[in-house]
Each structure stands twice: as structure tokens, then as C-alpha cells.
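Okay, so chain A shows up in both of these, paired with chain B first and chain C after.
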Partner chain A sequence: MPAHHGRRGPTAGTLTLILFVMPSVLLILLLNLYPVLYAGMQSLRDGSLIAAGDFVGLENYTDVLTSEAFWDSTGFTLVFTLVGVFGSWAVGLALALLLRTKIPAGGLFKVLLLLPWVVPVVVSATSWNWLVATPQSPFPIITEAIGLGRVLFLADPTLAQVTVCVFKVWISFPFMMMMMASALAAVDDNVYEAARVDGASRGQIFTHVTLPLISRSTYISWILMTIFCVNDFPTIFLLTGGGPVNATSSLVVLSYRKVFAEFQTGPGTAIAFVMTLTLVVVSVLLYRQLKKVNIE
Partner chain B sequence: MSASLTPTPGLVVGDPQPQQQLRHREVEMAARGQWWRFLLILVVTTVVLVPILAVLWLSLQPGLGSPTTGLTLENFVIIFERTGVGTWLTNSLSTALVTVLISVLVAAPAGYVLSRGRSRLISSYSLLLFVIQSLPVVTAAIPLFILFAELQMVDTLTGITVIYVGSTMSVAIWMMTAYYDSIPIALEEAAWIDGASVFSGFLRIVLRNSLPGILSTAIFCFLLAWNDYLIALVFLRSEANFTLPVGVQSFFQQNATNWGLVMAVAVIMMLPPVIVFAALNRYFSVGGIGGSLAGR
Partner chain C sequence: MSQSGFRLSRRGLLGAAGGVSAAAALSACGGGGSGGGGGGSDEPIAFWNMPWGNTEFNPMDEEITLAYQPPEGLPPATYQVVQWANFTQTFSSAVASRTGPAVSSGGGTQAFLFEAQGAIAYADDLLESWRGNGLYDDFLPGLIDTMKTENGYAAVPYNLDMRVLWYNKTLLEEAGAEPPTDWQSFLDACEALKKNDVYGYGTAAGAGAYTGGHILVSWMIGNGGGLFNADQQPDCVTPANIEAMEFVLECVAKGYVDPASASYTSDNAQTQWEERRFGMGFDTGGLANNVGGEVGSDLVVGSPLTSPAGSQGMLFFPNNIMMYADTPSQEGSEAFLTYYFQNMSRLWTEKTGIGLPPLRSITETPEFQSDENNVKIIEEYQPIARTWAAPGGNALFQGVTAADATPAMDTFTQSILGGDIEARAALEQLQQGLEDTIGG
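For the complex of A and B:
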């Protein structure tokens, strides 16, 4: 502790540090920890947004875990997350590799390609709605012109799922591009040169040299994007509202609708709390793993 | 990806005579490859930016029955005259700026303790912050709604600002911690030996050298508050209290056919983040905690 070095002695320094950290501790307790614990309690009651309700034990959980809607939403959340993480990673990595080479106006492209991440989701969702949702939209008109008829991307369950996933990749690839670009920038060019001199092909260099060297950043970016995708609300809700017929309802969207549209606070918080418990376990394990990687 | 492996002409090793010819050919090939890659990235960037360009283009189109032809700013005049967009803009700006101010004021000293302190309590706090940032917002939203209903804070800007401060806190502290880690402790130690207190060492030495870290944290907090949709959707009820995300969304639902006006509101919403990004590009960190994790 730096406090021990101070002339005023350890007590004064330690007190300063406690005062430094205290406001944040209070805010975290009140605004993050208390609500989560309260949600845990509420998930054991049959209350509403205005009444606490009676204790019903695990009834909300059995209701939720035996409902088809929960498992459908779990399925879609998994698909959405897998496509979101690996789709945006693949696109982001490819673009980061491309932009690493000498290209006229490369810097400008690098900045322009970050815009999907910078523009608010509300704005881009509105724009995507204009592009694909109605029969008069440009994309349905294009599909008609090439002989597929007016495809309504958000009206068909499967197509809506695909569209939402593509939308997520569009929003997220700049994040991956930035993470991968900074990882690639840290790699010494001589490593590639050495591999080339040793007769490695381009494919070999990519899989045996590039990928291992950026593995730590890749791993971290996957973890973060998984968290972003699982917890994502606006990307899905603003484009489809969870529909058609719940096809794009992720667990967060389902929980939101249970509580704030159907006023079933118990089941809604139970869903949120199942997610919370899962994420607590996963993130504690990941944190340990990250610390380990750090020490190595 | 293969493009990145194009050899740098200067690095080619071999006999001096053939190298001369080789160099000529390689320079030529590199130049040609450069233009192919330029074309590729140009096409990719254009496709990626279609939804954003569509927003701008539609916002500049004259409305039905308008005497003007060609591009016009009349949509912007109309929305400021006839809708609450001015109020929403003020609401969004004030909540986002107050969030930035409080979050940075609380996170800056807290991050210092996490960076310099070594104790079991501090590492548990760091783990707690990591877990909290991975939890879905909806879990906290439900109990906070119940709490705020009792405190008469539903449908107030104060209410959502408090929640924004809570949801930025964990990542903001992490970001500040990561920045302080890059400042050598020797600077403070010298000040302590000269009789400075922990507080003045932090203020005059550490904080003074942390402007980039503070700016990145501030940008992160600003964007989180500015882009939030879920909290605003749950907590804000009356139009006079709307922030831009819910304002844009409700305006879109009421005027779905009048795309010019809808997109003009959308432009107002995306302008501040784009300006912040353009001006402070250097300090723009990827997903907040992403940079801090990758750098540690």
C-alpha cells in the first residue's frame, strides 16, 4: 500500500484510500447489488410491480423452466450469440488484416468502418426497418427485381431470425476489428518474415503464426462479445420486438415482456435471475482464467 | 488476409543481382495489389455504410406536397417546430453529461485504490465489478422500478441518471484502474518522500497525467447514457421527459410513413456521438472494459 510510505503515517493514508473507494462501493451496493438480490427475492414471490405478493417458493422457476417459450428463447439466444460472436469476429479479423496492408486512404476507411459501432442502435434499427421491413422498402424491391418476389424480411420467422443476426454482426464487427487491429499491431513483422523464409505458405502462416499470436485478444474479445450478445436488448427489440410469433425473442426480451407487458413480475424476474446466476458463475470462472493467462 | 502477407520489397534477402529484378517485379505487383485491395475495401465500406447513408439521404428529402425539389433542410425545421425533439435533445444531453460528471468523479479515485492497493478486499472488489458488468440490465431494472415507484422517481430524468451512473460504474472503475496501471508508482513515491500526502500525490501527480484515461472513461459513460434504450423505455412515461432514444422510437411509431421527418430526428440523435468520435477518435476505446482487459 502506498500509504505506508507517506510521512503522515499509514492511518492517514489508509483513511484517504478508504474515502477514495467508498462512494463507488455505496453506489455499487445500492444500484447493482441490492437490485440483483431483490430480484432474487422477487422471483420467489407472486408479486407485481406495485405489490410484493406472497411467497410461492420455486413455483415461478418450475413454471418458467417447463414453458416452451423459455426454451425457445434460450435456443434463439444461443444462436444469436454464436452468430454474433463468430460472425463479427470473422468479419472484424478479415478487415483488420486487410487494413493492416498498404492501401490508399486506409486510415479513412478504418474510421468509416467504425461507424456502425458509433451510431446509436435506435438510429440504425430505424434505418434497417426502412431498408427491409415494408413491401415498399428497397430490399424487397431488389428481391422482386431478381425474381424472388417481394421478400418481407421481418415477417417470416426464420428470415427475421437471420436478419436480426446479420444486424447484430453489422453493429458488432467494428468492435472486433478494433480489438484485432490492436492485437495485430503488437505482432513483430519479423515473425512473418521468418516464417516466410522458412517456406511457410500464406495459409500456414495465418493458422500457425498469426492466430496463435493474437489468441489472448481473440479470447478476450469472444468473452466480451458473448456478454454483449446474451444481454442485448435494443438490437432485437427495436428491429422485431421479439416477433414474429416470438421467433426472435431472446431471454432478455422474454423477461422484459413478461414483466412490463404481461405484468407477470414473478416469472419475469425468475427468467432474469436464471440468466444472472448463469452469468455470475461463468464470469467468475472466466475472471480466474484471465488472471491465470495474465500471469503466464 | 492473404493481402497482409504481401512481402515488403526492402526486406527481401538474396543475391544482389536477381534481387534487383525481383524488386522491380515485386514493387509492381505490390502496387497492383494495393489498388485491388483499395477497390475491395471501397466496396465493403460502401455496403456497410448503406444504412447510415440512407438516414442522411432520407432526412434531406422534401416531404409530400413540398414545393422544393432536390435536397432540403425543411424536415429539420419541421421537427423542431412541431415535435418535442428540442426537449428530447436537452434531456438526453443533460442526463448524459451529468452521468459523465458523476461517474468520472466517483470512478477516478476508486480506480486509484484498485490500481495501487494490494489486499484481499481490493481483489474481491475487482472481481465483483467484473461480475456486475456481465449481468443483464433488465435484472436490475425490475427492482429499481419498484424502488423508484416508492420514491416517486419513475418518469424523472434524475431517476434514469442515477441508474446510468450505476450501470457505468463498474466499467468506469476498471478503465481508470487500467490507465493508472500504466503510470509508474515511482512518481508518487518521490512526492511522498517530499512530504506530500496520498491525496495530494493522487491529485497533483497521478490525475494530472491521466487525461487520456479520463477522456476514454468519459466517452464510454457518455455513449452508454446517450444510447440507452431499455432504461428509458421502462422508466420514462411522459413525452416531456423523453430522451432521444424513446423520442425517436415513439415518433417513428406514429409517423412510420413520413420517413423524411423520422430520419431527421434520427440524424439529430446520431450527430453528438459521431462528433465526439470524430473529435476524440484517439481516446475512443472499444467496449470500455475491452481495452482494460487486453492491456493488463
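For the complex of A and C:
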């Protein structure tokens, strides 16, 4: 019998594995953790772009959370995210269902429908600007022709919000379409056949068969699109710059402008951290829902 | 794009972090820079310049830079183009991580931001040395003083970005209107143009377009007002400013301003000029060249408008070149800049599209004199042009960065051009916004 039962040290194989993993771990720490920690420190200071500044505790957070601009931006971010997530999901699901049916040149349609997602957002924003910005743009001409008058899509605060949200749905629905199409492809046709044999209507099949069977992919796509929408900077900034009169200033735009236009890194990073915290909470809630779906 | 060795790769690595969090993290890296030595370093003088003109500008600028033959014992110069996209981040992260240039141009108020952070090498000695070689006296009147801070000259004027009144002479003739000379005749010309479905107050204040705000401040300055008092503090709610904004609101109410102006990008505004929807308006000194073609040749610089108070004035931006404290050789930075200013005239005489020159000798060249609009701007606008610091002064300072392309100014501009606000209320909001921005 051995003299003692002490734990064995790592084997040579384990050590080799650790050594192989170490560069990746170090890179992840360097590129992700380090900037986040520094940003966290910066949110507790009154620094500028090139100086760390003095420690001010939670003052930046209290300033941000008591400012009207923050809550206005929170409101728009909420609307933008809700419309972006559910709007793009609804359109994406509808198209995915449509493309399940056999239509001529279905493959071509799939490729064309992916274009809004594939085209760089700079190009998309420029195109949308061309479509709506001036009275001579196509959309204002159409609205005038059908008797709605000369509509100022980007100059009117409410219409600008609507336009930005619709733009977001337009560039996001292909992603949802792909997610939903792959989920629908995994559903066995026999399930639909059985439902039809049992006398289920189309609506009943959709609500009681299709939706539950693709719920896992739906929740995953909602989580991802929520993150995409809350963190979406270029869609808004390129089309409206956050205007007019801050009507389309989301939290990420507000944060950017605090840091790079007003040179207030403390409040800017504080906003970013509040955003991150909120996103984590929303993601956890959706993830729990996802786990529930798995169990069921 | 030209690059200077390892500097770019390190900056590129920093830039890869991207986004607000990373940028904030980068800003936290600032540990302060050490001042450059007197000379003798092997490291070259890194000169970073912006794309100030057309596609010919930077190649020619690089050629001028690389032709520099330094005096014995001083370092040569390298050249790098910095794009306007996210230039503040580019410079800030580079300065904070001490991988920045020794000499650079940049945003018009950039030098004053960095000066307040101790990152700038003052140009006092350089300017003093220029008294002996004629360069100092060659600057247009009042220009050098715009660079003077409490501690010294933060930079050297490089090119002038002017805001001026433009009109389309054909459209004005068709409307039977005379080019305006004062506020009332401006209203008259706008009314005449309106009858032809043409806007008389063309401007833009949408995404990335700051001219709209510049022109509002120009109306204030033209009326003897402005944003900052002699103590360099925001002082927006003044009778002169209220009167100026009431005048603009009158233009909006009477339909002289394109109602979509508050959302126009610079490209949208240019399109309106090209499509003859703007018959008159305010823009940079390069508008006619940017529009080009038949319409471009119809565009003429109007005279500065005289306000009811009898005064004139427009906002202008004395873009500048600054030297950084973190330099391999301060003597080398100054020697390079002396060479550069003595040899940069080609950038204007060969029409690279850069803003107006700061040196009288360049404005007197036959090439410059061949452009009537530019000559008019130099003769009529430069003498009455004021900086953001007006009416309290003309020398720039860090506080003006609170007004230059900030949310407070955007909101103010879009509110006024939207027309749904009272002049006093808008100015009070602006005052509060500037105070909040300056106060942090």
C-alpha cells in the first residue's frame, strides 16, 4: 500500500493542453477583459480622451441616471429594439414560410432577400438617404402623388424615428429569415401531416405546431437581435446622426457623442456600462425562457 | 496612404478594440507624454496631415514633406495621411499611447483640446524665429492671434475654412432680385426666389453636417453677438443673439428655409444646389468647386450682409498645424515646419482643393487671383471673420470645443431650423448645453 494518497500533479498531457490553450486565453484577456476593466475604471473618473482624470466614485452614474437625455435615449432604444426584434422576426418568419413553398426561382429570391443583410450598412444608409431625404427623393414624391403631402421622413422627429426603425427591420429581416428557415427545415413534415389528419386549420397548425417547434430558434434569434439592436450604432448614426433634435439618439449614440463630441469619457462609459448591464439581464431572462423550452 | 513604420501598427492594434468601451479604455491609457529633447534624435519627425483637398492633395503634400532636407543633426520627416473618419479617436488614442505624431494638422479646435491636456508644444519660439525670415509678416491680418492661449501659441494657422453667402446668379436674375447686401435685402431676395419655388436660405444640419449651426452663429456674430464672453464663458442669451435668431425663425416661418434642412447631410445640400432648389444660401468657400458643372459656374460669393446694428461678421475656422510635446526633437519639429510653410504654396497654386491660404504671398499669386470667388472671400470675408470665441475675443480656447459639432449645438440648430421654438428658449437651452459640456 502506498505511504500516502496525495493528489497527483498534472500529467504531461494536461500541461501540454494548458500550454496550447494559454496563448488564446491571454489574447482573450488582453483584447476583451483589459479594455472592459479599463473602461470600468474610466466610468469612475472624470477624465478626458487623453487623461485618466480624478476618481469620482459613482458620480458619473448618478449624473447619467438623473439626466433627461439618458431617459429619452433609453425610451428610443427600447422602441428601436422592440420594433427591430419583433418587426424583423415577423418579416423573416413570413418570408421563411413563404419560401418553403415551391415557387419558380426560389433560390434566386433567397439570395436577393439576403442582400439587405449582406450589403455594408454604409451603402444601405446612403441608399435610404437617397430614398427619403429630400423633397425630390422617391418616397416623398410617392407620398405627394397619393395625396399625403410632402412628407419629411428625416426632418420630422416622429417620422425620423419611424424611418430609422423601418430601416432597422429592413436590414435585419434576412438574418431572421435564415434563422427561421433553418428552424422550419428541421420540422418533420409528418407532424404537419398528422395535424391536418386531426383536422387542424392552417392557423391552428401555425400557432400550435409551427411556433412551438421553432421556439428554440426563435428565442435564440430574439436574444441575438436584441443585442444587435441595442448595440447598433451605424444604422442610426449614418442615417440621422441621432437627430433631429435628438429624436433618434439611442443609448449607444448618446454614449458615443458623450465621449467623442463632448469629450466626457466618464459619463460616456457609464452609459455603456449601464447598457451592458441591461443587456446581460435581458439576455439571461431570454436564456432562462430558452432553457424552459428545452425542458418542455 | 503613406504610413510611418511601427506607429501605425500599434495604433491599428489599439483601434481594433473599437467601440465606446475600447475607446474609453484607450483614453485611460494616457500617462502623459514626455517633452521632446532639443535635438539629435535618430527618430524622424512624424507629420500627420488630413485629406484637406482633392485626390491630388495628399500625394503632393507627401512629396513636399519627403523633399525636406533637415539641417545637420536634425531628424528627417515622415508623412502619414489621417482620414477624417473618426479622426478625434485616431489622434486621441495615438497621443494617449504616445504613438502620435510630432507635428500634425487636424480638427480646427484640436490643438486647444490637447493644449489643455499638456500635450502641445507651444509655437512661440517658432513664430519668433519666423519674424526674421518674413513668414510671420506674411500671415493674413489677425490670423496668428487666433492661436494664442494664456500659456502660448497652441498652433500655427494653416488653411482657412470660411463660411460665406453664395447665390446662383441665374436663379437670382430669373427671380428679378438683386444680390443682397443686408438683412432686409436678404429677405427680399428670398421672397423673390420663393415665387419660383426656390429656397433663399440653403443650409444643412443633418447627420455629419455642421454648416447649419455655423451659419446660426454667423448670424449672431454678424449682429455683434456670439457664444462666448471676454471671460471665455458661454453667454448665449443676449439681445444681439435673440434678434439674430428671431430673424432666422422669420426666414423659417416665411418658407425661405427648406423644411428638410435640419436633416440634410452635406451631400443632400449639395444636391439641392445642383438641382437649383437652393438659389441662395450659406456654405464653405469651396461650394462652387464642389458643385461643379454648369450650376457651379453660376454660383457666386455674395458680399457679407450688414445687420440692423450696422455690423458684419461670419464664423470661420483657422485650421492649423500643431506641434506635440512628445517629439523626438522640438528643434526638429520647428525646423520642419519652417521648411513646410516656406514650400507649401504649391498646394494652392496647383489647386489641390485645400481651404484658403493663410499667407498673403499665396493669395497674391496669379493662380489664386484667377478665382474671383476666392479673391472675394479673402478681400471681403477674411477681415470680418471671427472665431467661435466671439464676441469676447478671437483667440481660440478649449471651451469652444463645447460648441463645435456637439450635441448641444446640433440640438439648437435643428430646433431653430425646425421652427417650433422661440429664439430665447432655444438660446437658453444652448447656454445650458454649453455649460453642461464645459462643466463635464
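Methods note: the second predicted complex is superposed on the first by the 264 of 296 C-alpha atoms of A that agree within 3 Å, B and C clash if a C-alpha of one lies under 4 Å from a C-alpha of the other, contacts with A are read in each partner's own complex, and residues count from 1 in each chain.
FYI, a contact is a pair of C-beta atoms (placed from the backbone, for glycine too) under 8 Å apart; a residue touches a chain by one contact, two chains touch by 3 or more.
Just so you know, these numbers come straight off a predicted model, no measurement behind them.
Superposition of the two complexes onto chain A shows a clash between chain B and chain C.
Residue contacts after overlaying the shared chain place A:Leu131 against chain B, while chain C stays out of touching range.
In the superposition on chain A, A:Thr269 makes contact with both chain B and chain C. When the two complexes are overlaid on their common chain A, residue A:Val259 makes contact with chain B and with chain C alike. With both structures placed on the common chain, the touch criterion links A:Cys165 to neither chain B nor chain C.
Once the two complexes are laid over each other on the shared chain, residue contacts for A:Val64 go to neither chain B nor chain C. When both complexes are overlaid on chain A, the residue A:Leu49 reaches chain B and chain C alike.
By the document's definition of touching, neither partner reaches A:Val83: not chain B, not chain C. Once the two complexes are laid over each other on the shared chain, residue contacts for A:Gly241 go to chain C alone; chain B is not touched. In the superposition on chain A, A:Leu154 makes contact with chain C only, not with chain B.
In the superposition on chain A, the residues of chain A contacted by chain B and by chain C overlap at 31, 34-36, 38-39, 42, 49-50, 129, 233, 237-238, 252, 255-256, 259-260, 265, 268-269, 272, 276. Those residues of chain A that touch chain C in the complex are listed here as 31, 34-39, 41-43, 45-52, 69, 129, 133-136, 152, 154-155, 160, 233, 237-246, 249, 252, 255-257, 259-269, 272, 276.
Looking at the complex, you find that chain B touches chain A at residues 1-8, 11, 13, 30, 33-35, 37-38, 40-42, 44-45, 48-52, 54-55, 58, 106-107, 109-110, 112-114, 116-119, 125, 127-147, 149, 162-163, 165-167, 169-170, 173, 185, 188-189, 192-193, 195-199, 201-202, 226-227, 229-230, 234, 244-245, 248-249, 252, 259, 262-263, 266, 269-270, 273-274, 277, 281, 284, 286-287, 289-290, 293-294, 296.
Within the complex formed with chain A, the chain C residues making contact are 16-17, 19-30, 32, 86, 88-89, 92, 95-96, 113-114, 117, 119, 205-208, 258-265, 267-268, 271-272, 275, 277, 401-402, 405-407, 410-411, 414-415, 418, 437, 440. Of all residues in chain A, only 1-3, 5-8, 12-13, 16-17, 19-21, 23-25, 27-28, 30-36, 38-39, 42, 49-50, 93-95, 97-106, 109, 111-116, 118-124, 126-131, 170, 175, 178-179, 182-183, 189, 192-193, 196-197, 202, 205-206, 210, 216-217, 220-221, 224, 227-228, 230-231, 233-234, 237-238, 252, 255-256, 259-260, 265, 268-269, 272-273, 275-276, 279-280, 282-284, 287, 290, 294 touch chain B in the complex they form.
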